[in-house]
Amino acid sequence: MNDFTEKFQKLEIEVPSWGFGRGGTRFETYKTDTDPKTVEEKLELAGIFNQLTGQGKKVALHFPWDVSTKEDLLKLKECLAKNKLKAGAINSNMFSVRPGTVLNSELRFGSLTSPVEKLRKASVAHNIDCIKIMRYLGSKTLVIWLPDGANSPGQMSFYDQAERLEKSLKEIYAKLKKDELLLLEYKLFEPGFYSTAIQDWGRALNLVNKLGKNAKVLVDLGHHAQGVNIEQIVALLIREQKLGGFHFNDKKYADDDLATGSIDPAQLYRIFCALCEAEHRGLIQIKDISFMIDQSHCIKNPAEELVESLENIELAYAKALLVGYSELKKHQLACDISMADRLLRSAFLEDVRPLIYKVRKEKYLAGDPLSELRKRKK
Amino acid sequence: MNDFTEKFQKLEIEVPSWGFGRGGTRFETYKTDTDPKTVEEKLELAGIFNQLTGQGKKVALHFPWDVSTKEDLLKLKECLAKNKLKAGAINSNMFSVRPGTVLNSELRFGSLTSPVEKLRKASVAHNIDCIKIMRYLGSKTLVIWLPDGANSPGQMSFYDQAERLEKSLKEIYAKLKKDELLLLEYKLFEPGFYSTAIQDWGRALNLVNKLGKNAKVLVDLGHHAQGVNIEQIVALLIREQKLGGFHFNDKKYADDDLATGSIDPAQLYRIFCALCEAEHRGLIQIKDISFMIDQSHCIKNPAEELVESLENIELAYAKALLVGYSELKKHQLACDISMADRLLRSAFLEDVRPLIYKVRKEKYLAGDPLSELRKRKK
Amino acid sequence: MNDFTEKFQKLEIEVPSWGFGRGGTRFETYKTDTDPKTVEEKLELAGIFNQLTGQGKKVALHFPWDVSTKEDLLKLKECLAKNKLKAGAINSNMFSVRPGTVLNSELRFGSLTSPVEKLRKASVAHNIDCIKIMRYLGSKTLVIWLPDGANSPGQMSFYDQAERLEKSLKEIYAKLKKDELLLLEYKLFEPGFYSTAIQDWGRALNLVNKLGKNAKVLVDLGHHAQGVNIEQIVALLIREQKLGGFHFNDKKYADDDLATGSIDPAQLYRIFCALCEAEHRGLIQIKDISFMIDQSHCIKNPAEELVESLENIELAYAKALLVGYSELKKHQLACDISMADRLLRSAFLEDVRPLIYKVRKEKYLAGDPLSELRKRKK
Amino acid sequence: MNDFTEKFQKLEIEVPSWGFGRGGTRFETYKTDTDPKTVEEKLELAGIFNQLTGQGKKVALHFPWDVSTKEDLLKLKECLAKNKLKAGAINSNMFSVRPGTVLNSELRFGSLTSPVEKLRKASVAHNIDCIKIMRYLGSKTLVIWLPDGANSPGQMSFYDQAERLEKSLKEIYAKLKKDELLLLEYKLFEPGFYSTAIQDWGRALNLVNKLGKNAKVLVDLGHHAQGVNIEQIVALLIREQKLGGFHFNDKKYADDDLATGSIDPAQLYRIFCALCEAEHRGLIQIKDISFMIDQSHCIKNPAEELVESLENIELAYAKALLVGYSELKKHQLACDISMADRLLRSAFLEDVRPLIYKVRKEKYLAGDPLSELRKRKK
């Protein structure tokens, strides 16, 4: 096994259970007859995905979306095993009502930051439930994305919001064991349109620093304002030892949740360069970072769009592996920017599909997963 | 009646039937027990709104959201009359399935620009149905907002999309009588996240010019990219005699559909200055423009948020009426920008609430519609 | 003296020496005959500004822009005294060459983060010089804004950049005495167009935390991506005891440096609400924060535009003082968002000009500084 | 000569004289000793550029930047001939003073839309001078980019601005002969920061339609708001037969003028796909469009950065030529979006450098122009 193959195989990509289903917009969700309806159907598809691509061994799960009763959880565990899959990150859902807890209508005032104490408590309790689910399913990672925010300047005091948030997060974090991770997401806007409780990486870093060693930041590519340099955020989080993982998707304007790399493949490549450069410098091990796809498939076939995203991630990583980071640094120290840029551009221009194809074939995977997937579904 | 009162009363503001109901985001819609459930309940609220504020005599309607059968349409007409209301603009809905026409799942490929001919035809037919509804209810205005676009670069050819769009719109426009108007909306993104079929005022102007005199552009305040100067678009459309009307709302980032003037009241004021300056110059009559509120109330009580928006519109208009446009022009011609800006700022800083209160009292309206509305609802 | 007057007088606003001169764009700077040419002429104008408005007692200074020799520094000190002014914040300038140090052309690779060691050292040395100037002029505040960044992905490693930046800043910070402050600016883009070394408040907070108690963050209103909620950043920095001060200006798209409050006065008001609410809660004393105007006057008369900005700041503050923050909190805790928003909106709608006029008259200031300034200049 | 080679050679790319010089930001311009100082030195470099790359035969010129006297114009013509170059598009400059015309300081109020009549006339006259220069140098294309706009809402009436602009442009257009073109640029912001006179493609299209057949729109890639779909604008202008040409550069946030394709090569590729698809459908001939590089080189060596941009344009075009547009349409008509996207992605992933290298070698050009350029400069 050569060096490229060895490094290439370090990347493990999780797929989300919800990614096999049809997403929608606030206007409409256009379900088709062939879309999987149950979590069992989704996991069956996930199993095929894993067989064909070698990726997606771990499936990120969403509660109570995926299951909401103990019996169903048992079935879910069996279903994962049946499809030779493992539980990936456990995502708590604080914007949907959980049966027997709070009224749906009350949730509109927020979850971990709600002005209503019983709602904050219910949301904390749901996250603690998710930690139990996590252990039951053999996962080590809890992902928290918060729907909290405000739609108008008067709705909530930033001071109260911040205080409640820190208190709630500490209560959840306290339940984690030494080898368990809390990954915290940030997001500029939506569903709060005037403000969100954790609006950017700066606030997220500030929060995980307050929590402790096992709390890290999760970077979702769609959660930034236009013009923000995401690869720089990745590098700065790495330096602070606080990069926990990624939610991969792509966007043109807002949190569009399009197929990863479908709009801006060069940005995806630069992010992987920041990762590979960090590994080259001994700052991280790529295998310690969580790589997860998180998209909303509204039009194309969801499973096919996951294949597309996976391929784009593999392409970006493979290209980033070709860069000579020592040589790059030499050019940078010599202020020879033309040559430094050329080196980065050159790797991006390489057609790495044959390299990836070779790795696949060595692992007895499908050479063309998309076509193979179509055959299987018939 | 003094000059201010006379001008102030020229402004007629439509409210949307859907604005009395609870909106949601793509994540969740949080209905409450007190939210109106049927169109009858919405119109009853609209009647109260009109009694208290003197505005909202005309109610903008949405089909098939509001009704989808002939019997229901008859009832809707009676219900409008019962609440002393009139039908405002008729909004066709091309993103939801109409019973007995096309499959919901097929709609995800678009409506007037769909690659599938039968779907284009069904969408054209729905708009022609809406024209009939328009006439039946005594309205003169059809509003077209198109959900068409694409989520990926390969989904659709811009050339085919544009050609189909022009053909479909011409078929609809051909059905209009001389005194009927087609108002065409544009929107930068959503639900198409890579592109939308009518992405900006430039394309909308281009299209209404191809259609004819009775087609005009509708400006929705939330449908622009960040940094776009909306008051300039208003002025340019006025010069081309193609400003049809407004959908009022506010935003911080995307099409957030927040209460009008709740985030950026100065922008709203500048838009009304562009309108008043145009009337001052004899370019338009304010009464010929359609002023419509279009918001999505996710958290606050919807009827209350409509009152808030209405008040913000009235405030912006009242302030814009105080500006001396001849004096402004003098400063501008003298390149005395400090004085020109000061004049505009000065009117904005006036507290016009007493002026508006006086007009209300003369018309026997509620001095404080929000408090009055709360009493009525009990 | 009533409560409003007492609180209103707590706000001290600094004006920048460079704000009395004519700014330009990258295309052209249009100097007029009446623009002050020397720092003496600027300070004379600053003296008049202070007499008329009661504000601008402290003048922010920029080195080596304002003076570059010891002799000139002596004159500057005398000139401040002659005009009854004091030195405000001292701003180091790391993008212009200082005579006798480095070549201008080398500066294009950065200052505190340059790949070239001697350039980093020269930039550190310049800041240490500025600390000496600070003491000589009786100021306690050093403001650092960094021009460093990159125009292409290959230009610089984020890892090297971050490491050099932290090292350089620590060297500067080490020279500060116990009662001296270092205020650190952040900026999304420009003059680096691919990236900047301190791109947002998150990185700035991260850095001042590494430096120590006397390092705080400076918020320049024009340095954020579109859609970013600045009042939330203000509140979060306050909670971390790291809000050092402001550079006031306004923008429509980028760092446009327009007159403060001329485009979005409601945002300015919300920022002052965040400050007043914090003081109400005992989190800060408004008088401990640095309030500085930082604009670039390209078209209007610069001194007049400073008066406009000052008035807009005073208006925003006066309105924010009218808000009942205890009542606001009651509405928020009761989830009565309509009433909470109404309370905030109501204070914004007040015409506070008579209140401010009264305070001015009590202090024997000009009732209409702009007109008075015009008379003086003749 | 095969099909690819034939098509590839159709693309003719102009380079700008100013692109060989060092650009700057509003903060500073960092000239180096090796930067060309005179237009003669720039054209000498342009000649080398043309020899090495086969592109840049035509050099876009800027007046009065390049020359401002008749004698110098004569020399310029000789200098072009000496370096085996031709005059490309002639760019009028309305933001810099022309000796003997107007005062520099008056220009800050605008050019073709100035409130001052003599300034409007002087700007019209300068454009008519440029038409004469155009003929003298054998060019057929006048490019107009307008610095006009406003920095505050009171500065100018949109109605007056629009009227003056249309009048001024008509006076210039009237001087054109049948085979001469006026290309009109639009720009969202800068140097006007509150508004610009021709803010987007919609206004530009509206204006060239008022002018006539020989007026077309020029698309500068850096002149759009974030999130705007540029390839759609290209397609819509093509359908209206109003696409005149391009100014190529790249950006991350504003009009950053970075090397073309250095930040978002996929967008550049999609633009070329829109062009190639149009040619495939018989809507345009690529050779009739003006392709011009327009960048501002602040840090890297300018000539080297032009080579980088040229290569990125050639790569994007070569890849777009590989797409099977008939097959793409088949997938689109079948609503098989996965396959349509895959087809577009597949061509983008090809390494076309060998193809381009082969064409170069057949034309006896440098295989590696950047390295060759470095050798020559020594």
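Think of it as A, B, C and D in the order they're written, each chain with its own count starting at 1.
Assume a residue touches a chain if its C-beta (ideal position, glycine included) is under 8 Å from a C-beta of that chain, and two chains touch if they have at least 3 such contacts.
For clarity, every value in this text was computed on a predicted model and none was experimentally measured.
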item: Intersection of contact partners for chain B and chain C; value: A, D
item: Equivalent interface to B-C, taken from A-D, A-C or A-B so that over half of the residue contact pairs match; value: A-D
item: Mean-CA-position distance for chain D and chain C (Å); value: 38
item: Gap in Å, rounded to a whole number, between the CA centres of chain D and chain B; value: 38
item: Set of chain A residues in contact with two or more other chains; value: 109, 152-153, 155, 188-189, 194-195, 225-227, 229, 252-253, 259, 262-263, 299-300, 337, 341-342, 345
item: Chain contact graph, described as a line, ring, star, complete graph or other shape; value: complete
item: Chain B-touching residues of chain C, taken from the complex the two chains share; value: 226-227, 229, 252-253, 259, 262-267, 299-301, 304-305, 308, 315, 337-338, 341-342, 345, 348-351, 353, 370
item: Chain D partner contacts - residues on chain C that touch it in the complex; value: 23-28, 30-33, 95-96, 104-109, 147, 151-153, 155, 188-191, 193-195, 225-226, 251-254, 256-259, 262-263, 296, 298-300
item: Complex contact set, residues of chain B against chain D; value: 109, 115-116, 152-160, 162, 188-189, 194-195, 199-203, 205-206, 224-229, 231-232, 235-236, 238-240, 270, 273-274, 277-278, 281, 283, 328-329, 331-335, 337, 340-345
